[in-house]
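Same chain, two partners: subunit A is paired with subunit B first, then with subunit C.
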Partner chain A sequence: MRRRRWTPGAIGVGVALLGVVVLAGLQEANREVVPTVATTIRGTAGEEVTAAGTVVEVGDAWSTTVIEQTDDITDEVERAETSSRWLVVRVSWSGEREPSAVPDYTWRDAAGVEYSPSDRYGFRYQAAQPGEWWHEDVLFEVPVAAATAGTLRLLPEGTNLDLPMEIGEITVPEVVAVDELTLLETEPGRG
Partner chain B sequence: MSHPPLAPGRGPVAPDGGPARGPATVAAPAPAPVPRPPGDDEFGPDVAKLLLRAARSWWTWVVAALLVVVAVGTWIAGGFEEVPEEGLPQVPVDARIALGPYDVALQGWSVSRDYDRDTLEVVDGDAWLIVAADLTGAPPRSSFYESGSVTVSSLETTAFPKIVDPVSGDYLSYIHPGVTTPVLILFPVTRADGETLDALTTLPVLLTSYTFTTHSLSGEEMWLRPQPRATVQLPRDDSVVPAVEEEE
Partner chain C sequence: MPARTPLARTPTTRAVAAGAASVLAIAGMAVSVGWRSADTWARSHPVDPASVSADGAATVRGVTLAYRGIEPVEKLTGSYDEAVAPEGWTIWVASFDVSGADEDTMFGVDVSVIASDGATYTRSDLIGYEGEPEEGWLGGLFLDGDGPRTDAVLLPEDVEPVRVRVVPTDEQRDYWSFDA
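Moving on to the complex of A and B:
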């Protein structure tokens, strides 16, 4: 009977495989567990809510059919009407530990329907330093029924994809109806 | 010298009837192998054997039967042909048709070679086919415009269509639930298609709907599964153009 002999090549391959298994086990045992499910942080208008590295406070909210706003580039005052309602939510924010802003907003009405900001809102991503405040008017175009109360959602999607994700939900219990409104530009300070 | 007798079908035998010991006959020299001509399939007999074995296997017949069932089922379900527009309902102009992410009501169309020439050059177009419409968003959330929702039969655009505000000419991103937004749908077309469209008085428009469902790979909920829904014979209305003409 021939005796099977282990060649150096076979021994080398076996050692390499064993090494891979040991390293994979070490990697798995020491892997940092990062939650991939978004955490929702809730608050109410008038409160400071910290989500995704940004401290946010929602102030007043209004609904109207006519808005005026100054064009960021041409400085012309534009007037826009809607057959539905303009919903304007004044938001202030500050960086928590580093310069930060809210990448995206949505408005959720009582029925759970979600509205993205109006195209007239534009892109106003302005990072605020920690301890420094900025504020602006976030503009939505919604049906009449959605312009009485709802929730402003602060979404981390966009420029901040750090894990764990944090979504802010700030309840806005009251929306004041007005005839027309002039929107603020993005300005420093708390609104 | 005599040779032992040869039994038919057997090897040489000894005079006592047993098997012959030692060479009973002088073996003839083996014939030299005949060289195969180039390209001759030397595996032919093996392939034939494999095919024969496959034909005898019931697995082969099970797989074949399944293929036949799939083919017949596909044929019964309508095959892979596009749904013919002739079979779709034709809806009147201004009728509000639910397409999934939004309802659409078409109003009129025209062709312009003056509007936003810069963008036309970028997308290799010579003219815009402009369709005026009202879009009313549907729950559960604001949607982007689906480029395949409003198309024109046998017309290939040079780039994806876009929607703009009829008054300001600003490009629009979102259509919001419950909000009716007047828009102009801009289709960039070639010179030849522009001339063809100019000769028309009625535009054959195909409306395609979408279903809000979960993407099988990403798990994200979105509007998928386009399905032709209706056709509209849209009359030409050149008054849609002046509202979007660029000022010199």
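Moving on to the complex of A and C:
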């Protein structure tokens, strides 16, 4: 039997093929991973909803044209009016198995239009330990028609941000209209 | 050229070589993809606890933490105020001796406690501000010096610490882990 020899051409093709495969692998490994799978956990105001390691309960919701809130630093009471409506949703949350917080809220009205929190709400990030509750008033500035009922969407974030993402959608069937409202700071306990 | 029958079952040398090259190529791709992904994941997760010596000390990135234990306390006396546990909860204080840290130690740590209920607890903000010691908590800013340091957690009354973990806040692969 005649022994076969690898020709330089065959070796070159093999090395090139291996190089392409390795480069393709590196390209794949360096590709930015964007979460594409999200699970929506749905509930209704007044019941506990657990999403992404955070237990959340939406309480009352109000709409008004005048709000008052106390400045964190100066302790001065600030009063703000709007020609549309302030929408205030009281939210309580607790860690499930790890400390957790709710860094992002969205209000979706009955027509499906979504609103981000008002700049006056600011950015708050209060982690709650397992079994420890915190609550706060989340503030939106929305058209009158959007302040009657809707859905509070929330993106909880535990300390362990693993996929798949879980997004909470909590239906708020009733928003109570009031003349004016004093906003709560982020406080411990269930609101 | 060697003779081959139509029903030959013995692979030729060339076929064996081609198969081996294919396996090698696939393995190379798997390693290049898997290694990179695993390395990226590991940098943001605590995966390699440092070995703890008989005296309770462990070293990560040149900083040695000697774990001195975790004990329940009635209250925390901070620089400016005192902190007491809410009803139904107990304050636990973990103590460490730090060595090997200086102004060039460019990372901080997070302290967490895995408790007997299986949950993970960190320092609650209910006690974190009022009860902060003058030298600061161990978990927080950069480790910038040696000496005794503490950190604290709130645990439900019927729950006890099982493990104390100290994890760097930047690259988290290597960390300290102590039996409580």
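One rule holds for everything that comes next: the second predicted complex is superposed on the first by the 150 of 191 C-alpha atoms of A that agree within 3 Å, B and C clash if a C-alpha of one lies under 4 Å from a C-alpha of the other, contacts with A are read in each partner's own complex, and residues count from 1 in each chain.
The criterion applied here is as follows: a contact is a pair of C-beta atoms (placed from the backbone, for glycine too) under 8 Å apart; a residue touches a chain by one contact, two chains touch by 3 or more.
None of these values were measured; they are calculated from a predicted model.
In the overlay built on the shared chain, the residue A:Gly12 is in contact with neither subunit B nor subunit C.
Contacts of A:Pro188 after superposition on the shared chain: subunit C is touched, whereas subunit B is not. In the superposition on chain A, A:Gly131 makes contact with subunit C only, while subunit B stays out of contact range. When the two complexes are overlaid on their common chain A, residue A:Ser83 makes contact with subunit B while staying clear of subunit C.
After superposition on the shared chain, subunit A has more residues touched by C, the comparison being subunit B against subunit C.
Of the two partner chains placed around the shared chain by superposition, subunit B is the only one that A:Ser116 touches, whereas subunit C remains out of contact.
Legend: residue contacts after superposition of the two complexes on their common chain; A:Arg4 is shown touching subunit C, with no touch to subunit B. When the two complexes are overlaid on their common chain A, residue A:Ala24 makes contact with subunit C while staying clear of subunit B. Contact residues of subunit A toward subunit C in the complex are 1-2, 4, 6, 14, 17-18, 21-22, 24-26, 28-30, 95, 97-99, 126-127, 129-132, 159, 188. Interface residues of subunit A, counted against subunit B in their complex, comprise 78, 82-84, 106, 111-119, 140-143, 145-146. Those residues of subunit C that touch subunit A in the shared complex are 1-2, 13-14, 17, 21, 24-26, 28-33, 35-37, 40, 86, 89, 117-122, 124-126, 153-154, 156.
Of all the residues in subunit B, the ones that touch subunit A in their complex are 139-142, 165, 168, 170-174, 176-181.
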